[in-house]
Every structure is written in structure tokens, then in C-alpha cells.
Amino acid sequence: MSDSTGKSDGKLLDVKDLKIYYPIHAGVFLKKVGDVKAVDGVSFTVKEGETLGLVGESGCGKTTVGKGIMRLVDVTSGTIDFTTKAGETIDVVPLDRGSMRPIRAEVQMIYQDPFSSLNPRWSVGDIIAEPLGVHMPELSGKERDDKVAWLLEKVGLRGEQAGRYPHEFSGGQRQRVGIARALATAPRLVLADEPVSALDVSIQAQVVNLMQDLQEEFGLTYLFIAHDLSVVEHISHRIAVMYLGNLVEIGPAREVYSNPIHPYTRALISAVPLPEPSMGRPDRQRLVGEVPSPLNKPSGCPFRTRCPLAVESCAGDLPPLIEVAPDRQVACPVVAGDSASGA
Amino acid sequence: MHGMISYFIRRLLLIPITFVCITFMVYGIMRLSPGGPIEQARTQMLMAQMQEGGGGAFSQIGELALPQDAIDQLKIYYKLHRSIPVGYMIWLGVWPDDDRGGIFSGIIQGDFGISYRYSDSVLSTIVSKFPISVTFGLIGYLATWIVCIPLGVQKALLHRTWFDMTTSLAVFLGYSIPGFVACLALMLMFGTSLVWDLFPLGGFRSENWNDMWAAGNIWWCIKDQAWHMFIPLVGYVMSGFATMTILMKNSLLDNLGADYVRTAFAKGLSERRVIFLHALRNSMIPICVGIGGAIGLLFAGSFLIEKTCNIPGMGLLGFNSLIERDYPVLMGILVFGVLIRLTGNILSDLILAFIDPRVRFK
Amino acid sequence: MTHILFKLLQLLVVLLLGFVLTTYVLPWFFRCFLRILGYPAEFSPVTQKRIRRFRAIRRGYWSFKLITVLFVTSLFLELIVSSKALMIRYEDRTAYPALCEWLNMAWPFGEVSSFNKKSDFGQIGESEVDYRQFAIYAAHPALMRKDLEKERTALTAEKEAYLAEHPTPGPDARRFEVRRYERAMKRFGKRGETLLALEKNLAVFEGGRAGCWMPVYPVGPGDLRYDLKSNPPNRPSLEEGVPLGTDMSGRDVVPLMLYGFRISLAFALVVAGLGYGFGILVGGVQGYYGGWVDIVTQRVVEIWGSIPFLFTIMIIASIVQPSFWILAVLMVVLTSWLGITYYVRAEFYREKAKDYVQAAIGSGVSDWRIITRHILPNALVPVVTFAPFGIVAYIGSLVSLDYLGFGLPPGTPSWGALLRQGLENVKFYPHLTIIPTVALASTLYTVVMIGEAVREAFDPKVFSRLR
Amino acid sequence: MATTATTADGARKKLLEVKGLRTYFDVEGQTAKAVDGVDFFIHENEVFGLVGESGSGKSVTALSVMRLIPDPPGWIDGGEVLFRGKNLLDLTYDEMRKIRGNDISMIFQEPMTALNPVYSIGFQLTEALQHHQVMSRQDARERAVEMLDLVGIPDASRRLGNYPHEFSGGMRQRAMIAMALSLTPHLLIADEPTTALDVTIQAQILELMLDLRQQTGDSSIMLITHDLAVVAETCERVAVMYGGKIQEVAEVKRLFTNPEHPYTRGLLASLPRPDRVKQKRLQTIPGIVPSILDFPKGCKFWTRCPVKEDVCEQVEPELVKVEEGHWCRCHLVSAAETPPVEAPAGEPEGGTE
């Protein structure tokens, strides 16, 4: 546990060299023969009150990062420093379940699937009250009910709906219930794991707005994990792009979107369709091939097998994140040099 | 592929471990049990004395003393004079048997010992019963398939129709009558004069079957065999009938609603082709996997049906050896039972790996 | 005829009581129990929907009602089918032997004596009261008088016949003749005294100071029917009062079947309950913790499953005569916990991966609470759908074991044992086969109907067909 | 009921014309009107988009065209599906089978479950060829290799022996496309073909579909999606569905620049637009998408409509022509008897909040 170093310049979350591996067992005696490197040395910080968007395609490890921070999966190595309300900076990686519990009140998660994230056998009131029961056992039944009603109102539902069950709600409403549950313990950091991707287009906007309103009202910090770049760009202050377990680019949302540097980011952004028929996409960069399996990740830069700019040296070491502009890092030595000089 | 091989090697390695655990447990239970062979010999001797000397020995029934040397002899005969682990290891064949000049002789040498009752080697006693049990098991299983697969398919295709409802009632009635009870009821109905005296009351063949066979009266032999086999076969079929039919039906129903069936229709394939080539093949997977489990029934026979219909197969042998406390045979049968089931499990996995390309064991 | 109608009426009342008990009283207790455990009093809508669907499947629902009512009623069999009186009154003495017997069954940790001496109730002897006799006389004192008269005339006739043959020995009679004469006279005298005593008794009965209330069917499972003319086994005969006949040792088949029903179902329920409890525990641990725990346990389950359980139970039963509980525990240990672990394990794996469980873990909810409150209610689904079929299997196993002679101790009322007698007498006494077969098949069929309805209610097979 | 969309622009022939199609489902005793009077047409050699949210009936429409409605619980209650003038709903099953795969083929959303797991890709590719065109096994195999090559699966002849689970999601969808186009159908119905895929793969697949259409003949595509952006980039004409009805049909440019229906406007406004100046908040359509069982009487959209009037609650509006090639189902949009090009196109995005 890293000792408390006081307020670390507004950093709420500081993830350093996070690695999450899943062992592969094989052979007659099931010896460990290797690892699936789901997250392979990811470092980033989240400042208090901001929204960091974490994007990438499926299987890139973005959800695993979120679950690692929540300690829902075992972290192989690295540090996750979280600054608590009291101002202490605590590394949550070595914590056991007991000492993790108080931190859980301050870090909550919103899940992707509004159907599976609510227990179908529980009323939404009970669902929202459960974290309250863990972290504020001192509340009386009445107080708890009031709090649940208040939370329901906050997320745009009605307090008297607490007695209803999830199946009586539509997808968007369920996602609101999920948000209310996440807010029950007054967290400071909310990890939103694809919170809108299962929702209808007309409902997505409602939920995104709600999340922004709540951020303003409660001063929340979001780690917004998603694959939909346009939504991420809209809600985030900064964006981090992941590919195959590594961060490839991180920077302010607008800049990353309008001026992507890493070849993967470029391809990703140019692949996003736009609701603008007149435009056409002559500039579209086409990526060849498929994402390699994390079981046999390419050496060096993981993107080199599909990269249009790949050079021989890419196969060497994993390229580190290079600062190309203030608050802007890219893990590609090939392009970083140009941009840094250009910037 | 490599992973699969090591998976199966691992499974095979588990067989001896399992085998040792189970047989040791049973050996221990038998050795520790009261009423073992010595006790039986004592009772037999007592009976003999009573018949000879009238009520003379009656008074001392409790403490009837066999001469000590007779007991010792018996103990050696039954190999009870050693501690349980040593006795077990001799039986297993990994410990020298001093009584037979210190040779290694036991299961792993293929020596299962000598049956107390048949005074024949256990192995040959058991193997001699194989054909009978396998005949019944195999024909019964085949008959089950022949009846159940078409019935299940038809029930799935006519789900919730009159046909489905009525056959369901019959299938569930079959499920609620254990096979041996069905045999008993059939024997009552068609083996006695109650309804129609049509079939024999048990037995594997008529007594003069071998003579007729020798006389070359083959047609008569076949008829006689079938005549005897009918009722027990119904019992065999009955035991797996309902499960397999319903499994077939539900499995096909699930697959008929699958997306790939829609794709197949979207390709313009005929209904027959979609059902019988696409959906049926997938729904046969759980049924084929059951073959491994059925192996046990094939070889081990059924105590209940063999006892009911008086068929001298493996099941009846096991039952009789239990009644007569013929421990070597008992252990032998248990060993076979366990081995067959374990092999059956692995066979199930192999079949699954063979017919379902998705399956990857690790 | 009126007699039979009256019996049927009594039976109806008994079943009605059973129905009320099953439908209203027991569910209430069940709900209280759940509330004590801390589960919500109301079922969740998911469960409610399933229950609604189950009720809509009439066959299964009525089968369920039927079997539960019958089973609950059968728990009071000592009060319904027994040779012991529900209540017996003689002058100022009252006893409830059947109730005592029932208490002994229901509460096996203490013993209440249900024994009543004959001499205390106006009968001759020190053994247990012949309640049936008592009941007949209590109901019809005239019959008793008639019997007494008959007895008295018989005695007088016998005495006179004796005296005619053996006149009073004179003084020159030989010693042994005198002895014999005296002995005979003494015997006549004693019988006379007995008659006298009974006559006094008659006054009690005629004065209405004796009463006896017998169960609906006044023969217990262990009672031999000495009152029948022919030797056992007896074929069914309504005139003789053995509607289902007797078995080879002369026991009435009616109580055998009824008590056999209770013991079979109770056995199956105990085996299923214990086995599923243990299976849920093992499967839950496997599924929730996964990893090496899972791999190792999985192998153990597989190894254990490859033991031929029927044969092993037979071997053990051939060594130690198993009681109900030993047999039940053997069944649990050797087989019944195994099957369910696969399903519970899979269910735990599936539910644990779902976001709502992840959310609970992420909120710091304890493992125990997650398992019992979140996952378990879902994992119970396979248990509930399998239970009826398990019960069918366990009843079948018990019947098989009894049939082979390695089941419950001899003398226990059992369908399997009766079937064995059926096999031995298949040619001449078909009722010994037919009756248990019909009982077994109809019971199992009813349970299967329940199982099928439950399965349908929990997992309705959607049938959609394209062309 | 609705104006039958007969006013084709003389030059282009209609390949498919759907008139008053109704497809209902039985949901626990209630009738869910998944498709409730849908009219549209597709020209020959056209990419037509059908957009809608979940429960709008877009997929059911497509399945109804193929007559692949699972029965029970669903059935086609009425209407006409005219394919090159022939009503598909009148055909016998055998005649319909000759159309499926051969003239109209379809690809589905989830390529994993849409392929039969126990047969190799090659088998599944060739069986339709052998079935429809009576090809020899060898010819069918060659054609299959050719198709796999075409959809960009490397090492095609070897991959033919692979099973679906050995393919990645993108490759499975490619194989599906190969399968669907191998018989050069006149109409390809693509039901959310890219929803399960990542953006980069989505771009590849969409591009592939459009390319192949030109290479393999003049097939039309009916693209069903919930993603307006995908439609904007690929389609020529679009129909917007809501509540089992077509709410608006127009050419793509027209629809995106000049949407008439409040629902279309709302949808467009609620999309985050990273390519434009950042708004603080997204505009939204209030309320929730009703369950398929309780869409309101009258206009299906009035419960969420920001500009609804009393008449909307009672009377279902007709699909009226706003201008040439542009139909809209809204009381507040007047039918254009006079065809002014810039008539109601006041502020396309302003009034939707």
C-alpha cells in the first residue's frame, strides 16, 4: 500500500502499469503454459470531476480494466491508487475484501446490460437499498426508504416505483435504476461500463444527459468505458484508446477525435459512420484483417500486424506512451516524432 | 487437438485412482463385516451337526466352537488371516502372496481369484455371463433407439397436437413403471392363464435348446430365443424409453427454434432437409452422448430384470454371489462395474468430441 | 351396504381434513418459516408467474394437490388404518392407544406406551386389548349377550357330555382317574368363572359404560388376519372383509399398501431433501469459487458417480440390516447428491457472471449474502424441476431394493417386498403382483405429471415452426 | 388504408413492393401487432434502409417478406408482398422456397448462431448452390471458394473445411454474405448485419456489401438497422419505422437534411455529433419506447411527441406524400398537393426539444 501522500494534484485515480493476466493451463497435469494478457501494462490517471473515456474494440481489455479497478477480477501486477474522501491515497491492489469494503462505497459501477444487471427477483427499491445496507447500516428502515425514493427521483423515476420489479421497466428505465444503485453510497468515482450501448438510440441521449447532469450535481468523476466513439467523444473530457490490452493513445477528447495520431486511433475514428449523407467518406482508412487473439499477441507493438505504417522496429519492444503535446500521449514512435515536432 | 489428447490421458489416469479407492472401500467393508464366510461356515457346520446329533448341540448354539485349526484353515482359505491393507494389496496383485509361494497374483495379473461357489476362476465366471447380458443390453438399447428417435422427432414436429398429448401420456406411464415391474406385470398377463398364456415365465432359453442347436434345428432355436427374450426386452426398453423420447423431443424443439434453422430456410432449403439434416443432427448430440452411459447397462445387465425373468446374466450372478457371500465374484463384478462406468464416461466425452466440432476439452 | 357407505363417508371426512391441512395450514407454516429465514414473504414476480403457469396446467396441478393431500393424510395413518382404537372407554378408564402410537411415530425421541392390558378393559388375559372385539361388543352389546349365551350353552353341553362319559369316580376309582376328573371339573369351573366375569362385563357394555372408537380401517400393517377361514395368502374378497386380500404370511394388504405409500414417499422426500441440500452446497461451492476447487470436486463427483450405487447398497445391506434412516443416508451419500451438483454448479457459474451479482460484489456485499439471497433463488430452479423426477427415481430405488430383499428390515410395510411375493406367486395369487404394481405405477405417474407440469411451468418449450 | 406508394419515378422499376403488410404475434394471449400496415417499395438496384428502434417491427417486416415468421406464435395477418409483381404471400411453400436464397437472400444479425455449428462452412456454402442450381459438388465447391475469396477470407479453399466456431465474428459475417450472394439474388435483406461487430469490422463489412453488389450483379439491398449513421453512409432511400408502421420515407439526403416527422427529427437530433461543434447537452426524445403490447391508439408516437395535438391521440395519421419521393405519417405535416421543394423545411432541428 503506497502511503498517503496527501492530495495528489487532483488525481482521483492513478493507475500505473496495470496488468491483468489469465493463466492458461494445458497438458496432462494442467501445468500453466502461458497467460492471456487481457490488460498488459496500462497506466492512466483520472482527475477529480472529469470524465475519462476508455474506448476500444471488443476484447481489447477496456472492461477488464474497469473490473480490475473494482477488484472484480484479480490484478496480476501494477498499482491502482485511489484518493479517498479523507484525502488518503490508497493502492487498492493489495487490499483484501474487508479493507476494500470502505473504498467500494466511493467507487461504483454502472453496467452494460440493463437486463442482467438487476436481479429479476428483487424490487428496484431493494436493489437500490442493498449497497446502503452494506455501507450505511445505521440507517433506519424509514430513512433508507426515503433515500431510495430520493435516488429514484434523482434519476428521473418516481419514488413510488420502488416497489416495482425490473421487468416492469423499459431498458432505459432499468439503466436509470442501475445508475441510482451506483449513486446510493454517494461515490466519487463511477465506472460506467458501456452504459448506453444496449439502449435504443432515442433513449441513449436521455441517459447520457442524465449522467452529465448527475456529474454536475454531485461532482462525480467518470471512467466511461465504451466502444461507441461518438458517445464517448460527447461525454468525455479526455479519451484513452486501447488496443489488445494496451493503451495506444490518450488525450483531450476533442483533439483525439479531430486529430488522431496513432494509426489505430485514426483507423478507428475514420471507421465511425456519421449521420451525414452528403459527406461521403473518401478519407476512410480501411484496416485489414482482424484483431489478433490475445492468446497469441504479436510481439512489440500489438497493432503492427494491421498497421499501415508498421516498420521492422515495431516488432521489438512494446512502444511506451510518448508525450507528444501537453496532456497528450501516443504509443507509437513512428508517428510520435512527427506529431511532437509538428505540435 | 493437443489439449484434447492430454485431457483424455488425464481422464484415463484417473481410472486406476478411482478404481483403487472404490475397491479398497468395498474390500474394507467386507472384511470388517460380521457374518463373513467364517460365520457362514460355522452355521453350515452347525446345521450339519444338528442333523446328525439331533438337538444335542442346541444348547450351545451361541458359543459353538469350531476347532481352532479348522478356523485357521478357513481363514487361510478365505484369505482373512492378514491385515486389511495387506490382504487388499494381495488381492490387487502388488504384494507377494505367501500362501502361494510368494508370487504376485491379483487383479493386475488378471487373476481375480477363485469363486467360492463355482470353484472356478472369477474371471471366467464373469466372462461366461457376458454374452447373455450383452445380448439383452444391446438389443434392448437398439430397440430403444429405434422406437424413441422417430417417436421423439414426431412428437417435436407435432408439438401440442393430439398425437403429442396422447403419446406423452403413454410415455409418462412407461416412465412410472420400473422395467422389472413391467416384466412382472407382463409375465402375469402373458405368462399365466390370467389373460393370455403366450410367453414363458422367465428363463433365457428352453432347457433343450442346446440339444436342438446341436441337432441343427436353428429356426426353432431362434424362435425359442425370441420367445424367451420378449418380456425382458420390454423391461429393458422401458427403463430408457421415456427419458430418451423426451430428450429427443425437447432437443429437437430447441433446435427447430434456433437461428441457424432460420438461415437454412432463408437459403431456400426444403423443410425435410432443414429438419433432418440441420436440426436433427444438432439435436442428436445429447442423445449420442448418452451412449457412454448406456455401456454400463450393456455389460453389467440389470439385477432387477435378470432376477425377475430368471436370466442367468451378470446381474443375476451378482445377486446370487451377494446372497451366497461369494466375495471374490462380488469384488470381481464390482470391479467390472466401476471400470465399465468409468470407460463409459470417457467414451461419452470421446463421442461428444467426435460429433460436436465446437467441443474442446482442456 | 350402509356399513360400507359409512366407511366411505369416514374416509371422505379424513381426506377433507387432509385437504384443509395441506392447502391452508401447511403453506402458512411454510411462509412463516421463510420469513424467519429472512426471505421476503411474497414470492417475486418471476416465481409468481411460474406458479401461475403451473396452476394453469391442470393435470399437473391436480396431481400435485392429490399427492400432497394423500401424503399429508398418510402422515396420520396410525389414526386411520390401525388395529388400535382411537379411544377406548371402560367404566371410568379411558385410553387413546392409536394416538399414542401416532405420537411415537411423529416424535421418535420419546416413547409413549400405547399398551393396554386386557384385564383392565374387561377382557381376560394380560396381553393387549383386542380392540376390534371390544369395539364390536361396545357397539352391539346384544351380540355379546348372544355370544355369551352361546358360550354358556356350549359349556353346559360340554360338561354334560363329559359327565355322561365320565361319571363321578367312586371311592374305588383309580388315582389318575380322580385326578383327571378333578382337573376337568376345575377347567369347567374356570370357564364358568370367566363367563361370570364376562357377564358382569355385559352389564357394563349394556349399560353404555363402555365405548370404543375404532379407526376407519381397523387393521394395522403388522396384523395377521386370523379371522379368515382359509390359509394365507388370501385372495381379495369383500364379503370376508379383505378388500385387497392378504400376503403370504396373512397380513392384510390394505394397510400394507397404505403404509407402504407413506414410507416410500417419505423415503424419497428424505433422500431428495438431504441429497439436494448437500448437492446444492457442493455445486454452489464449485460454481461460486470455481478454479481448482471446482476441478477437484468435479473429479470427485465423477468418480463417485461411477460407483454402481444399487450394487453397493446391496452389499452394505447384506452386511448391516439397514433401517429407514441408514438406507436413506446411504442413498444420499451414494447417489442422490450427485446429479444436482452439475446443474447447481452451472447455474452458479451463470448467475455469478451476471452483472447483478458483479454489482453486489462491487458494493461489498458479503459472499454469504450473495450466495443465499442473489444466486440461490435462481439456482433452485433446476432443483425444483428435478425434484419430482428424483422422487420417482428414489421411490423406484426403494422398491427395487425391497424387491431384491436388501431394503428395509423384514416386516416393514413395503411395496417392493410385496412385489417379491408377487413374483413367487405369479401363477396363483395375481393380486400380490397387480395391487402393488397398480399402486406403484399410479403413484409414480402422478408424481411424473407434477414433474412434467413443473418443467413446463419453469421452462415452457416455445414451439415455433418455419416452413 | 394508407396511400399505396405507387408514384414511382418512371425510370426505375420496383423490385419489391410491400402493401399493407400486417404481421401479428401472440404474446401470452395478447396480440402484439409487430407490423401493422407497412407500405414501402424498393427499386431495382437500390440500397434501401429500414431504420427503427427495438420493437419497431423492422426485423419482422424483413422476415415477413421472406415468409420466415415463426408460426406459432406469429402469423402474417394480411397485406401483399409483391416481388417483381408476384405476391409472395400467395405462393405455395415450394414456390416460396425457390425464391428464397435464389431471388431474395438474407443475412442476420448474430453470425454465430445463424450458422449451423456442426457443419463446415464449405458444406453450408455449397448446399444452397447444389440445391438451387443443381451444380455438381465440384462446381459448387469452386464457386464457394470463389465467393469466400471475394468476401476477403484468406486461404479460402482451406477455410472451407472449417467450422463456424473457428471463425471470428467478422469472418462469420463475411461467410454469411458469401453464402447470401453466391446465388446472385435480386434482393439481399441484411438484418442488422453489423450490430454485433466492432466499428472497424462494421466499416469493412458495409463496404464489402456495397462492393459485392456491384460485382455480382445489380442486386438491391434492404438494410435493416437501428443506426442512422450507417444508413446515411450506405443507403439511397430510407424508411423510418416506429410502432410497427412506416413513419417516414424519403431519399437519404432529403431525410437527413429535411426530416418531416417529429420522430425522425428527434432521432437525428439526439445523436452525438463529434463532427460538429460540441453541444453541452444532447437533445432527447422524451419518454420511453412503449412495449410492443401497449402502443397507444391514434398516432403511435403521440405519447412522446413534443408537438402533438389532440387529434393525434385519437386518429391515426395516414402516410401522405410531402413531396416527390417523400412520405410522412403525421397530422402536422400537410400533404403536398402543390410540390414545393422547400415548403415545410423550416427548421429541421430546432423545434424538437
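Residue numbering begins at 1 within each chain, and the chains themselves are lettered A, B, C and D in the order written.
Convention: contacts are C-beta pairs under 8 Å (C-beta built on N, C-alpha and C of every residue); 3 or more make two chains touch, one makes a residue touch a chain.
The structure displayed is predicted, hence computed values, not measured ones.
Shared contact partners of chain A and chain D, listed by label, are B, C. Across the two interfaces under comparison, B-D and C-D, the one joined by more C-beta contacts turns out to be B-D. When you average the Cα atoms of each chain and compare centres, the chain farthest from chain A turns out to be C. Chain closest to the overall centre, judged by the mean of its C-alpha atoms against the mean of all protein C-alpha atoms: B. Computed from the mean C-alpha positions, the centre of chain B lies at a distance of 59 Å from the centre of chain D.
Look at where the CA atoms of chain C average out and do the same for chain D: the two points lie 66 Å apart.
The distance from the centre of chain A to the centre of chain B, each centre being the mean of the chain's C-alpha atoms, comes to 57 Å. The centroid of the Cα atoms in chain B and the matching centroid in chain C are 32 Å apart. Multi-chain contact residues, meaning those touching two or more other chains, occur in chain A at positions 30. Under the contact definition stated at the top, the residues of chain B that touch 2 or more other chains are 257, 262, 265, 271. For chain D, residues that reach two or more other chains under the stated contact definition are 68, 70, 93.
Taken chain by chain, the contacts link every pair, so each chain touches all the others. Those residues of chain B lying in contact with chain C across their complex are 14, 17-18, 21-22, 26, 29-30, 33-35, 156-157, 159-160, 168, 172-173, 175-178, 180-181, 184-185, 187-188, 191-192, 194, 201, 250, 253-254, 256-257, 261-262, 265, 271, 274, 296, 300, 303-304, 307-308, 318-319, 322-323, 325, 330, 333-334, 337-338, 341-342, 345. Those residues of chain C that touch chain D in the shared complex are 462-467. By the touch rule above, chain D contacts chain C in their complex via residues 67-74, 93. Every residue of chain D that touches chain B in the complex is listed here, in rising order: 66, 68, 70, 93, 97-102, 105-106, 108, 110, 113-119, 127-128, 131-132, 163, 165, 176, 179. On chain A, the positions that touch chain C within their shared complex are 30, 67, 70, 72, 97, 100-101, 104-105, 108-109, 111-113, 116-122, 127, 130-131, 134-135, 165, 167, 178, 181, 185.
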